[in-house]
Amino acid sequence: MGSQLLKGKKGIIFGALDSKSIAWKVAELAYEAGAEFTLSNTPTAIRFGELNELSKKCNAEVIPADATNVQDLMHVFERSMEVLGGKVDFVLHSIGMSLNVRKKRVYSDLEYSYLNKTLDISAISFHKMLQVAYKLDAINEWGSVVALSYIAAQRVLYGYNDMADAKALLESIARSFGYIYGRDRKVRVNTVSQSPTITTAGSGVKGISGLIDFTERMSPLGNADAEDCANYCVALFSDLTRKVTMQNLYHDGGFSSMGMSLKAMAMYNKSLEIEMDQEELEALD
Amino acid sequence: MGSQLLKGKKGIIFGALDSKSIAWKVAELAYEAGAEFTLSNTPTAIRFGELNELSKKCNAEVIPADATNVQDLMHVFERSMEVLGGKVDFVLHSIGMSLNVRKKRVYSDLEYSYLNKTLDISAISFHKMLQVAYKLDAINEWGSVVALSYIAAQRVLYGYNDMADAKALLESIARSFGYIYGRDRKVRVNTVSQSPTITTAGSGVKGISGLIDFTERMSPLGNADAEDCANYCVALFSDLTRKVTMQNLYHDGGFSSMGMSLKAMAMYNKSLEIEMDQEELEALD
Amino acid sequence: MGSQLLKGKKGIIFGALDSKSIAWKVAELAYEAGAEFTLSNTPTAIRFGELNELSKKCNAEVIPADATNVQDLMHVFERSMEVLGGKVDFVLHSIGMSLNVRKKRVYSDLEYSYLNKTLDISAISFHKMLQVAYKLDAINEWGSVVALSYIAAQRVLYGYNDMADAKALLESIARSFGYIYGRDRKVRVNTVSQSPTITTAGSGVKGISGLIDFTERMSPLGNADAEDCANYCVALFSDLTRKVTMQNLYHDGGFSSMGMSLKAMAMYNKSLEIEMDQEELEALD
Amino acid sequence: MGSQLLKGKKGIIFGALDSKSIAWKVAELAYEAGAEFTLSNTPTAIRFGELNELSKKCNAEVIPADATNVQDLMHVFERSMEVLGGKVDFVLHSIGMSLNVRKKRVYSDLEYSYLNKTLDISAISFHKMLQVAYKLDAINEWGSVVALSYIAAQRVLYGYNDMADAKALLESIARSFGYIYGRDRKVRVNTVSQSPTITTAGSGVKGISGLIDFTERMSPLGNADAEDCANYCVALFSDLTRKVTMQNLYHDGGFSSMGMSLKAMAMYNKSLEIEMDQEELEALD
C-alpha cells in the first residue's frame, strides 16, 4: 500500500515477538514500502518468539538487547549503522511490561520494586534509546522516532494498573526529548496511542475481550488493528509528516473523541433493562 | 456550608427556572453564603417557571431578559447595579437550548436556522453578557464569571447534537474573553463542565436515563448533582480561587478522566454475555 | 514525494486562492501523488485569485461556490461526481474569514452580525459541506475529510479575535460529524492545526511577523510551511491513515507541546535585560 | 479569608520548608480556616528549614519522614491519627527534587540513577503516600488529597529537565489512584498545576527570573503566588469541591490557556526589533 514510500530509508524496530505483534506488522509494511532495517528484542523474546522468521522475510538482522541496558542499546545502534551502512531514519519502540499486572498486584497494593521495573522497561527504555542515539548521532536529519502508547495515559481503565503510569511517563519522555532532538538534529519524536490490540503479550489481560467489544462499539470506525497501526507508522516514518513532533497521536477509530456512541449505549442499556426488570421483580416479592 | 464565604459579594444569576435548575441551587447556596444578587431569565421562563418563589426566598429581584438581546442585557446589568448598590462580583450563565434537539432534527440533517439559534442562545449570549458587562464596567476587580458547560464540548455523545458545538463555542468564548477581561480588569472567566443533571429543561432528552446510569457507574464519586455544582460555584465566586481563569473545570465525580470503570464494565458485560449466549444458541441451529 | 500514494483517488479542494495558499499546495501535491480532483472557491476569489492557473496545471475543473450556501455546495458535489466519474475520496476545507478582524473590531467590541458571518463562513460551512456530502452519499467508504485549523482554538493569541471561536466551533463540528460519518459510512473527518502561515489572506493580520518569529523559535523543528502542510494532507488522504478520525492534529513543528524554548527565551530575555537596564538607569536619577 | 471553612477538618501537610514554601502558606491558611494538622518533611529539611516556627504558629506536630520510605509514611499517618484523634480529611503533597537538575546533567545526558531518584522522590512518593493511607484506612470519606504540579507535565520548558517527566508521572498517579480511592472510599485526589513560584527550593533554577517575567506577562491575571495557591488548596480541601477528582487543575492566572498575549509579545518584539536593526547595520558594513 505504501508504494515505496520508505525507499532508501533505514531503521530499527524494537519489540516484534510474533506475527500478532504490532512491531511485526510494522516490519512487514516498512519492508514492502522499501525500507531496510534491523530488528531487536530481548534474548528471551527471541528464543520464545518467531523473530527469525521475520528476519528472513524482511532480510533484517536480529540484534538481541535488553532495552533497559544502555550498553546493549549502544550495541544495537552501532551494529545497525554498520549493517545498514549509515545512520538510521526511523526507530520504533514497542516495548512494555508490568510485573504488577503479571503477578496480580492491584494498584492499591503495588510492589514498588515491580513498579520500578515497569517504568524502566516500558518508559525509561525509551529515554535510554534516545539518549544513546543522540550521543552516537545515529539518526539522520528529519528522522522519525515512534513509540507505541495507550489512552490509559490520559484516562483510567480499571485493570491497566501501573502500565497507565508508565505510558504517561513514556509520552512525557517523547515530548521532553522531542524538544531536544528536534532543536539540535531535526529529528521528530511522537507516540501513537493505539486501540487495544490483541497481541500475545496483551492477550492475558483479564477482561480484555469485554473492553475490546466496548471500544469497538464506541469507535465510529471500529478498533484499529495491528495492520492499521503499521500503516500509520509507515506514514509517520515517511517524509510526508516531517513537521509533526512531540505529539501523542490517537490511532483508535475515533474512540478518544467519544463520550458515548449509539451502539455502545444500546449494548449497555440491554443489561440495564434486564437489571431493572430484576429489580422490579424483586420489588414484587 | 459556605460559612458566609460570599459575604458582601453581589452578583447576577442567569437561567434559574425551577427548583431542579442548577442556577436555582446556586442562588440558594450563594444566598446562604451571604451574597446578594439579582435573577434573570426570559419572560416565558418566568411565566412558566417558579422564579418568583426563589426571588422571595433569596430576597432577589427578578429582571426579565432575552439573553440574546444586547439591550435586554444592558438593562439587566444596569438595573442590578442600581438594586445592589454598585458593581457586581459574580455572574452565572446557565443558559442553553437547541431547536434541532427539540424538533428531533438529527445532526446529519440540521436545520441551519435552528443551529444559528442554538449558538446564539447557548454560546453567543455569553459573549454578549461579557461585552455588555465590560462596556458598562459592571464587574468589580477580582470578580468571577462562570458558565455551565458539558463534556460534549470535547467528546461526542450521541443525541447531544448541535448542543455539543454550542458548548465548544461557549468554552472558547470563555477563554477568549477571559484573556481580555483578566488583562484589563482582573476579572476571571471559567466554565464548569458538569455531570449530566436531570433538570426540567434536560429531562426530555431521549436516552438520558441510560446515559446517567452509565456516567454514575463510570465516575468514582458518582455523578455530581445540582447541589454539588452549586457548592462548586460558590467556591469559584469566592476569593479562594482568584487566580483561576480561562479554564474549563470538570465537576463530574471523575468521569472525564475515566476510560472504563469496573462497575460500568460489569454492567456492560452482562448484556455482552447474554448477546454471546444468543449467538451461541443461534450457532447451534 | 508521495510516490503515487493517491493514485485512483478523487477529491474536492475548497479554498485555493493563489500560490501562497495552503490549499494550492495541497492541490499540487495531490496531483503529483496521482489524485484527480475539482477546485472550488467563491466567484470573487476566483476573479481576484489565480485559480485558473492551478486548474490548468492540475487538470482540475473549477466550480464556483459560496460555501455558506447549501445549494451551491450541492452543485459542487454533484458536478464533481459527474466530472470525476463517481464519488470522491477526499475533501479539503480551507476556508476562513472574519469581518471583525478586517474591520478592526476588537474582541470586547464585536459587531454581532460580523460574528455570525465569521462562524458561518469559517465553521458552519464545514457542517454544510459534510451534510450535503452525506445526503448525496458523495464520499466513498474510507474517504477522508480534512479542515484546516489553528491552535487559537485551544489557546488565546491576542488579535486572532473571533477567528479563535470559529476554529473551536470548526473542530467541534469535525468531531460531531466525524462520529456520524464514521459510524454510517466509514468516512473519517479530522482537522489539521497548522503553524501560522503567511498567505495572501493571512498576511494582513497585524503583528503576524513578530508572532511568526516567536513560533519559529519556540518550535523545535521550526514552523511548518504550506508545502509541509500539503504533504501532511496527502498522508491524511491516503490509505495509510484510515483509522484516524475525529482528531485535531497539530502540524506545527512541535509548537503545541512547548512551554518555553531556549531560543525564544534568549530572544525574550534580550529585551528584558534592556528594560531592566533602563529601569536601573532611571533608578539612578 | 476562608472564614472557618475547614473547621473540624484534620490533615497532613508534607513539604513545608520555610516561609517561602507553598506548603508553609497552605499550613498558615488552613490553620486560619480552622483546620488541625500535622507537618512532615525529611530530617534534613527540618534541620535546615524553619519548620519548628510553623509548628508553633499552627500548633501542629512535626513528624520527620523520608517520603520515599513506606515505613516512614506509615508512621506519619499513624502518628497523625493519634495526635489528631482520628482519620484525616486532607493531605498535601508538595515534594519534588531532581539530582540531574542540581548536578547540571542536561536532559540528553541524564544519569539514570538520578532519574530514578527524581521519579521516586517527586512522583512515586505520592503513590506510596496514597497506598499507605489506603491500607491504614487513614482518610475519611469525602477527604481530599492534593499534590502540587507544574505545566511542564504537558509542555516542554527548557531546563526543567527530568522534573517534567516526574510531574507527568505524578499527575498520572493522581488519576490512577483517584479512581481507586474515589470508588472505594469516596476520597478525591487532584493535582494543582501552579504558576512558577520563587521558593527556596526553586530559586536556584537557572533562567527562572526570565521565565517568571514571561509567564507574568502572558497570564492575564499575572502569576499565582504561594498565598494564592494556598487559598486554592483551602477551597479544594473544603466541602465545596467534593465532586472534583482525578483532575489537574491549572492555577496560573490563565497562563495554560494562552498562546500569546499582547504584553509578552510587546516585550518579545523589542528585542526582535533590536536584532533586526543590528542585522541591518551589519548588512551595511
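Lettered A, B, C and D in written order, each chain numbered from 1.
Note that a contact is a pair of C-beta atoms (placed from the backbone, for glycine too) under 8 Å apart; a residue touches a chain by one contact, two chains touch by 3 or more.
Fair warning: this is a prediction, and the values are worked out from it, not measured in the lab.
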| item | value |
| --- | --- |
| Higher-contact pair (C-beta pairs counted), C-D versus A-C | A-C |
| Distance between the centres, which are taken as Cα means, of subunit D and subunit A, whole angstrom | 31 |
| Subunit C and subunit D, separation of their C-alpha mean positions in angstrom | 39 |
| Centre distance in Å when subunit A and subunit C are each reduced to the mean of their C-alpha atoms | 30 |
| Two or more partner chains touched - positions in subunit A | 155-156, 158, 175, 178-181, 246, 257-258, 261-262 |
| Touch-based graph of the chains, sorted into line, ring, star, complete or other | complete |
| Interfacial residue positions of subunit D with respect to subunit C in the complex | 151-152, 154-160, 207, 210-211, 213-214, 257-262, 264-265, 267-272, 274-275 |
| Subunit B residues within the subunit D interface of the complex | 1-5, 7, 175, 178-183, 186, 188, 195, 219-222, 224, 228-229, 231-232, 234-235, 238-247, 249-254, 256-258, 261-263 |
| Complex interface listing, subunit C residues touching subunit B | 70, 107-110, 112, 115-116, 119, 124, 127-128, 130-131, 134-135, 153, 155-156, 158, 161-162, 164-165, 167-169, 171-173, 175-181, 184, 246 |
